[in-house]
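In the two complexes below, chain A is the common chain; its partner is chain B in one and chain C in the other.
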Partner chain A sequence: MSLAAVWAGSPVMLRERERRQQWSRVNILEKPRMLECLRMVADLTRLDANWDGHGSAKIQSAALSTAVGIMLQAPLEYLPMPHVCPVSGGSVGLHWRAGERELELTVLGNGAIEYLAVPGQRLEDEASIEEGTLSPGCAGDVGRWLQWLIEA
Partner chain B sequence: MTSGGRTLPDFDTPPAVETLLAVRFAPLKKWQVSHFGLFWNRIRDEYPRSEVHSAISSVETPVMFCFPEEPHSEFDVPIRCWFMNRNEATLIQIQRDRFIHNWRKREAAQSYLHYDELRPDFQRNWARFREFLSVERLGDAKVVECEVTYINQIERGQGWESFADLPSVVTSWRGSESTEFLPDPSLVSFNSVYPMDARDGTLRVGLQPAFRPADNKEVIQLTVTGLCRPAESTDEEIFMCLDAARSWVVQGFTGITSSKMHQIWRQKP
Partner chain C sequence: MWRAFNELQVYVEPDGTERPESWAFRDQTNEVSLFVAEETDLEWLHALLPGTRIAAITAGDARECGFLVTRDPFPGQPSHALICPLPQTRKSKGENARKLAKRARLIHR
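What follows is the complex of A and B.
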């Protein structure tokens, strides 16, 4: 399966969206898995400032929007359920484990994404751990790492 | 009369986020892509932004039948143009067989726009469109359907937390099973159609789980549509149909939603 195609949204879905008369933007949810993932992110909006007892800011709206965007475009049916958690400073943490592989994303308050891709738990795997930062607006590049997870 | 001279149920804070009034007519055979631009030129001061979308099809008028028997050019494709006003709260959508007018709430704090306030706007722009058809000798619009749609979004946390709570939001969904086998549903969506006792109409209700990207909120989207077939294409008949459709939409919405939700939306006495 080409993840690029999934990431861009299926042509059928796009055509359906185009046919609607409705103007206000909304994502109709047809799969419980998608609903569950989005609900985990949306529930973070209920956390007030100092939710961690150490003075953390509220979860930032750019972090939430970017995390929602990742969930909406990710091929969730091919992935295990993610672990979603608040991160100090107002960021959102997304974590997937597929087989030996792990992908950890921290979506920052400005919409940038820090990633850490761990290929396995063995000592020799440590050398091939990859980490980096994707600039705001580059959430589409997460697709590459989700593809890597699916291939595990 | 109930409140403010209005006879239909009314709410202080209804969940409506968008209203659209639409007229569907027999496909205009002489309509070409260039006419979108010519019409836009007439309304551009008020509607300075435009977008091109694919045409909406319907069972009665499939897109492929929208082509004239002999297309004017190979580029005569079934498209729909959007014309938006400056603050992007009002939209006019036009295609070969439809005229659609939308109004949406841009912010949660914005007050709800009543039909009485939207109707004159629609009337004025529909008249402009009809005049354009006449001036350009495109033939009169033979209207086959009038539509009023209210799009409502009920946020999670406002009267419901999970789909197990749906029966206390929507009275037509009982949520009960004849055995104890099934757990609570993780997701519910449905469509229902009711016959209207006037103007050969139908009332359609669609309920769908949805996610609103503007504020990252989970919502139940409840779309209520009234459709009427006018006996003739006069403006008087068209607006009687729209009024009837709107009356059914409001009463239908009130009928399928619970009194608990009416309290949350502060129904007026």
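What follows is the complex of A and C.
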């Protein structure tokens, strides 16, 4: 048995493998677009209750962490910069426009995500707008919509 | 009618044009607060809701986009009104809010 094979099965390497599975090895300092997106999400934490003048709650921590999770998973290098904005009730809005396509994600305080996918800007495209809700923990579905946007 | 909303809810189009995000016309309570423009002074509105941006829509725009329009005056704010998504359109409330946002005209101070 080679030394490498022995080392691969050692407790140290097994622990390292577990650690890699648990934590992303993305170095965000090397990804300025990701840093900018995370900064925009972080800016929302500065808003106090009634930030809209109409009695909205503060942006909820679950919505913020879900939005951060989307940013960390999103292939941002292939996407235009999203617009990140506060949403009444303490949710987070993420809006992308790629070519004629638009995607709006409303990240709710319970981790669910509402999506609105606009296929084009012509009047006849309005009939093909898709809208729905993704359950909490639906990263794959978010990825599918982001892929749809990249294909624009 | 004038709708005041947070500055962070302004989207800048690729050509530099500013427009309100659809979320500027959504509310957790399904009651979106506005003011009747003819009965409201813009300076008064800026003083009431400092730091907000203001967009103009017509009551007709709101109705055509699936909203009910109603007056909702209260002491000190007689021009206050509400638009509410009609029950049959609530499944597409995001789409309706987007349509309305596209019709809205931002008021520049």
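Operating definition for what follows: the second predicted complex is superposed on the first by the 123 of 152 C-alpha atoms of A that agree within 3 Å, B and C clash if a C-alpha of one lies under 4 Å from a C-alpha of the other, contacts with A are read in each partner's own complex, and residues count from 1 in each chain.
Quick note on the criterion: a residue touches a chain if its C-beta (ideal position, glycine included) is under 8 Å from a C-beta of that chain, and two chains touch if they have at least 3 such contacts.
The structure presented is a predicted model; accordingly, all values stated were derived computationally and were not measured.
Engineer: Could you tell me if A:Ile129 is touching chain B, chain C, both of them or neither one (first, second, both, neither)?
Structural biologist: second
Engineer: Let me test your reading of the model: by the given contact rule, A:Glu104 touches which partner, first (chain B), second (chain C), both or neither?
Structural biologist: Only chain C; A:Glu104 stays clear of chain B.
Engineer: For A:Trp51 in the superposed arrangement: first (chain B), second (chain C), both or neither?
Structural biologist: second
Engineer: Examine A:Ser88 and indicate which partner it touches, taking first as chain B and second as chain C; both and neither are also allowed.
Structural biologist: Second partner only, chain C.
Engineer: Is A:Leu116 touching the first partner chain B, the second partner chain C, both, or neither of them?
Structural biologist: After superposing on A, A:Leu116 lies in contact with chain C but is clear of chain B.
Engineer: Across the complex, what residues on chain B touch chain A?
Structural biologist: 17-18, 20, 22, 53-54, 56-57, 91, 93, 100, 102, 104-105, 149, 151, 153, 156, 186-187, 189, 208-214, 216-219, 221, 223
Engineer: Considering only the defined contacts, which chain C positions touch chain A in the complex?
Structural biologist: 4-6, 8-9, 11-14, 21-23, 26-28, 33, 48-49, 52, 91-92, 94-95, 98-99
Engineer: Touching chain C in the complex: which residues of chain A?
Structural biologist: 43-44, 47, 51-54, 56-57, 83, 85-90, 93, 95, 97, 104, 106, 114, 116, 118, 126, 129, 131
Engineer: Which bits of chain A are touching chain B when the two form their complex?
Structural biologist: Spelled out, the residues of chain A in touch with chain B are 15, 18-32, 35-36, 38-39, 41-42, 45, 61, 64-65, 68, 72.
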